[in-house]
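Have a look at this one before I ask anything.
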Amino acid sequence: MEANLQYVLSGLSIGGVYAMVALGFSMMWSVAKAANFTHGDVFMLGGVLTVSLMALGLPIWIAAILAILIAAAAGALIERFLVRPFNREANAIGWMLTTIAIGVMMESFGTATYGPLPQPLPSPLAVTPLRFGGAGVFPQELLLPVVAVLAMLGLRLFQTRTHFGRAIRAVAANRVAAGLMGIDADRVTMVVFAAAGGLGALAGFLIAPVIQASTTMGLVIGLKAFMIAIIAGITNAAGVVTMALAFGVVERLIEGYLSTSARDAFGFTLMILVLLAFPQGVFGRKEVSKV
Amino acid sequence: MTVSPRLAVGLTLGIGVAVLAFLPYWSDVFGGRFPTSFELRIVLRVMIMAIVVIGLNVLVGGAGLVSLGHAALYGFGAHVAALLALRAGFGFAPSLVAAVLGTALVGAALAYPSVRVRGVYLAVITIAFGLVFVNVLREWVSFTGGASGLAGIPRGEVFGQRLSPGRRDGFSLYYVVLFFLALAFVLQYTLMYSRFGRAMRATAMSENAAQALGVSVIRMRTLAFVLSASFAGLAGALFTNLALFVNYETFQFTQSIQFLLMTILGGAGTLLGPLVGTIVVFFATVLLQAFEEWQTFAFGALLALVLFVMPKGIVGSFEAWLASRGAKQRMRETAEWPHWTPELNAVIQPLENPPAAALELRGLTLRFGGLVAVNKVDLAAKPGAVHALIGPNGAGKSSVINMISGFYTPSEGSIRLLGQDVTARDSAAMAAAGVARTFQNTELFGAMTVLENVMVGFHTRYEANLIQTLIRAPRARWEEARVRREAEALLDFVGLRDYADERAGALPFGHQRRLEIARALALQPRLLLLDEPAAGLTHGEIEDLVRLIRVLAEKGLTILLVEHHVDMIMAVSDHVTVLDYGVVIASGPPSEIQDDPRVIEAYFGHAAPGAAARKAAE
Amino acid sequence: MTLTPTLRGLFAASVAVASLSGAAKAAQPCIGASWELTGALAHTGLQIRYAVEVAIDEINAAGGVLGEQLVLRAYDDQGEPARAVDNALRIGEQDECVVMLGGFRTPNAIALREPLDEMGLPWVGVISAGTRVIEHETGENEWMFRVSMKDRWVAPFLVEQAVARAPSGRIGLFYEATGWGQGAVPDVVAAAEAQGVELVAQETFNIADTDMTAQLIRLRDAGAEALVFYGVDREADAILRSMERIDYRPTIVSAWGIGGQLGNTAGALSEGVLVAGTFSWWGELEPRAQAVLDAMKERFNLAGPQDLLLPSGTANAYDAVHIIARALEIAGEFDREKLRDAFYEVRHEGIVAVFDPAFERTMERHDAITPDAYRLFAFHNGVMLPLDQTPFGTN
Amino acid sequence: MSDPILSVSGLKVSYGPITAVAGVDIEVGRGEFVGVIGSNGAGKSSAMRAISGVLAPAGGAIRFDGADVTRRKSHEMVALGLAMVPEGRMIFGDQTVRENLLLGGFSRVMRSDPEVEDDIERALELFPRLRERLGQMAGSLSGGEQQMLAIARGLISRPKLLVVDELSLGLAPKILDLLFPILADLNAKGLSILLVEQMASYALAVTQRTYVMENGRVLFSGPSAELAEDDRVLDAYLGRKH
């Protein structure tokens, strides 16, 4: 029982990270129909930049806000220079590889300057754990799924209640029609990429006190979050967040009941099976093919 | 000027094999220390990787499927060979064969998802496959040695010689690998320039058109995956014999990315691309060592730069440049068309005992959700007749065509072709039954040549099997030559003979329409469906098209024509059926239809203008 | 098949020519190395280089070896065995170095066996502790030597230390799912058996995992009071945090994988973590070691011991270079075979241990550091100190 | 015309090697109601997409309200005062009718223009059926209602020129009888309209001047009333030689 509770708590914590990163993938995909593989590294920026800026003597909140702003700017630049020029062409492999290449550059730049080792990011919420019987969790960790769900709800509110949010949905639904409404679809796309970048960096900042900030922290989480978004049905934000939290818990349950070290083998096999059963993702909408 | 693929392959093979075969003896002739075992090993590693990349090129450049898990297939082959050599005492040849066959089976299993998902979804599945593979290798310690891997693999033997990679014990492994690389390179050529390669590329460029020509997309994808995996398995087995140590670390996700990168950088779909891409990427990683801790950054930068500057890859961009120069040098002549030649009698043959109706639709109905797109349509087309199907936008004409060609499954009703019930067959089966079609928005295989486009149409009529085709057995050669002749005759027929080696996508629009018709005729159809063939054509071209349709009808071919150009319909058709809101509102000879008030209303609106009203009243 | 005789001929010719050109040549006064300079373990290569370069500087300043200045040729293997082999051939055949140093990963060292044998190139490991690196299944090891710990010897040491700290004598094994971790399992099991100790649970974790709470709950439920640990700083940090989550505090007795970084990231949580090793740069150093530390600080702009994250590895590497230099002097020329034979003659007083002789002709003793030189270190106030400079006991 | 609101000369549009519009001249005077008719595939819609900035033209020049706007993007054209009701309506199905209307005045709402609400009110007066459906998802509207919404949405940006592309597409005659007079009414109130329509009789009945297109070119043009009596129009449609 204790163990099960622990699996759920730990699962929700890592699931929250997946959720925030996957939500970014979902946002970007919705407006640009593009998978930005630098997103895992933008997530990394949140942790690594905060630590680096703190080393310059900035207080943690200023450092975090600056890191998030820089990551948002990076998101915007990636849209402008990596996604927009390539998105006009049908050659999807080209820009997929280009974003991978830029991701490699970001990570290796970080490793060469920041160093390959993880650095601590102190947080008052990652000192004293909350204990539930024999299970326990740091408050910082519980923050992640909560922020993820809030981010998703906030995004939904923003998209339904604000005018700019409605414009984002319009661009996602039909770029041409959005343009005819006087909406600059390119600018909206850029703003969404910036927001996704900021959100990813926020996740990186929030998880860093628990997992330490390192330049390699983005690779696996980015890849997993993307896969989660795909199997959830990438355009459905609520579905993506739900799937991410569920996947986090499932991973822990696999570790608990099947095998720790073969967790990824089971987890990814599960993903393949789910995708075969739901080719458009579990919460995705079927696209009608045209002849 | 354009270099023929055959010449390019021949030259590369001749020069490449000669240079590589001589390389180990360089210092014996020219003195010096070059090549040391280090340099020979690098060459060996590049050759082995090039085999994987050639396989990946078949998948990416051929079938248009992206795999981000190819390192796992490479690793699978390596581990099969290693385990058999280590645990079962298999020699070089049997373990190599087992590795190839085993990996091919895995490839077949991987092909299954590609039937359901593609694009980035398929990429995710292949990523997951690669990660699962690595995880299993790492964790199944008792079997794979886990991270400590399989060490102490005995050197294989060929013809009684121990396979050695370097100076000390001879270069036997080097020559074995060179042999297999040359083989892979040749097979890539014989595959890509065979009916299978054409069909594969066709499915990548337009699934619909491929299906309509009787090419099964599922089978082509499976074939591509199986062949691609076989190459990877072969390379894996060779790697095992080079390294004599395997563990999962060589076959991780980053390696998959690197393989894909080599493919794209060299130029996906080109014959030389895999070689160029592998060499450039591998040497880049060796040379960039000078950047020490910045080398990964430099690698990423190099990669991004090349992708920006040359999205088609090195060889692809070079070919495009050559082609652009070629286009300026030679003006091609468009011949008069239609141009009937005796060769065409072999392609377009009249029916011997034509039934009363070539095509018969009874109560054909199609619903999308609650919407009824086609409502109880009856239609009968006589053999050798030109039957037009007209109606305003959204009347359901295209839906009817799509049902007859097997793209949509009718909700109700039946379709009979030459007296045979063919209701609800899929598009490839319809093509096999004798239905050929063109598409409203021409769906040519744009990156293939004009001649190749037509040759895809002959796909179902070949008899040589895959092996015969790959080794270019006499039967396959003979068949290929025959098909080429007939395809050229068809090009002659539509006046495009002179464009045979031009890229189809570069043709002017009118020529694309003609080519699409020639390609459809290659199926030897009994029924030809033309979906708005005149859209976008000039008056002159439409007149030619009318003559072509008449010639085909005279030869006994039944034609169902959907068209907006009413003048053309009036000129060419024997019978006209008018659809509006999915319902047949009129049917009869063109002269009757022309003055039918219901037709005028459907086209013009009920508030018919004075002129129309007057006409109707007459 | 008509092809067969031709191929046979070709093969025979290639063998003939190869044997002609196989004549030995004098090697160059260079020390090659293949280790990680990029990626998540980049610091391992970079930091070992500190010690190697300082040692080479000392030797060169004193006139070099046999009148020649030593040079270092270090290449990046990105942690991949096949690249390590590429680098070994580059070192052996292109650079023609007389000897090669190894890096962090055990699989990379294992992959080198064949190529080293073929080239006849002596190899000296300074970190990777896998037993199979030195003790080959074939029973023969001509060219591979090591100045580091050996898992087969470390395991009994760790088990003994763990049991001593578990009142009930119930200990658990917690290891990373890598070649090193997996390779150690049989050694630990055998050691526990030999000492009559109950190994109540075995758990693994993956590299880069951040939450080990589930495994720890199982270890706790099995009643483990001390854990024999195989892993590195980053995962150890995650484990300490997971222990904090569930308020489970067994003593951790770790193999040498944990370095100084744990103190930086885990802070107070690292207090009392025990690590086996050969050396620590913290605390009071003997004068020669202090001089080496000063030289490294000077040359690489280090703040102090906190920047040396692989304390044992750097010290081993320093001693290894000196052993090589001594052996070369004994060999009398830059010849690999003579160097190898000279290894068995070298006597050297290093900063890690007294090597007398460095190596012996048995395969087992291709390891220069014997268990009597193994030490336990403990984290105290965020730094890793020799045990006797901490409140956690004495060696 | 001395100062036309829209003046297109030599417009060419191509998709790759395919030429859809091969040199077209069209002019719309201020306050004028102009039609472009022709059978399907004549290039009408392609021309409109170029004019409204959805496509970049391959050649020719477009002047709007006295300025050269040849390569302006669609959102810039909206800002300049050209609104288009696109072929197929393109309403945002997952947003409510009201949200669709607000999107029609996107930049005005972003500027917090207080008069937007008045304009929405006026549009709803024009199409009372939309008022009943204001909170409903636009995707659940009938075809005719969607077309009403598309027109209403186009008006919220306060255009100087409204381009309507294939108003009749997929709509029943009953609905068309309702919609065409509304366009005429809007024009009567001073709005310049360019209407592209396959259903020639409707277009000829409401417009002042009409261009007849075929194969990417303008075949002929003239006052709509004259063309309505001109046999050439029907011949062009029904393929009768003249």
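We call the chains A, B, C and D, going by the order they appear; numbering starts again at 1 in every chain.
Going forward, contacts are C-beta pairs under 8 Å (C-beta built on N, C-alpha and C of every residue); 3 or more make two chains touch, one makes a residue touch a chain.
Source: prediction; values computed, not measured.
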Least step count from subunit A to subunit C, where 1 means the two chains touch: 1
Centroid comparison with subunit D (C-alpha atoms), farthest chain: C
Interface ranked first by C-beta contact pairs: B-C
Rounded Å distance between subunit A and subunit B, as computed from the means of their C-alpha atoms: 36
Chain centre separation in whole Å, for subunit D relative to subunit B (CA means): 41
Centroid spacing, where centroids are CA-atom means, of subunit C and subunit D in whole angstrom: 76
Distance from subunit C to subunit B - Cα centre to Cα centre, in angstrom: 52
Where subunit B touches two or more other chains at once, by residue number: 138-139, 293, 295-296
Multi-chain contact residues (two or more partners), subunit A: 108, 111, 261, 263-264
Where subunit C touches two or more other chains at once, by residue number: 38-39, 42, 177
Interchain contacts, given as pairs of chains that touch: A-B, A-C, A-D, B-C, B-D
Contact footprint of subunit A on subunit D as seen in their complex: 52-54, 73-75, 78-79, 83-84, 86, 90-95, 99, 102-107, 109-110, 153, 157
Interfacial residue positions of subunit C with respect to subunit A in the complex: 38-43, 177, 203-206, 208, 210-211, 213-215, 217-218, 220-221, 233-234, 237-238, 241, 244-247, 261, 264-267, 309
List of subunit B residues in touch with subunit C within their complex: 24-25, 27-28, 33, 36-39, 41-42, 45, 138-139, 141, 146-149, 151-152, 158-161, 164, 166-172, 174-175, 239, 243-245, 247, 249-250, 286, 289, 292-293, 295-296
Subunit B-touching residues of subunit A, taken from the complex the two chains share: 35, 86, 89, 91-94, 96-98, 100-105, 107-109, 111-112, 223, 226-227, 230-231, 259, 261-265, 268-269, 271-272, 275-276, 279, 291
For the subunit A and subunit D complex, residues of the former touching the latter: 163-164, 166-167, 169-170, 173-174, 176-185
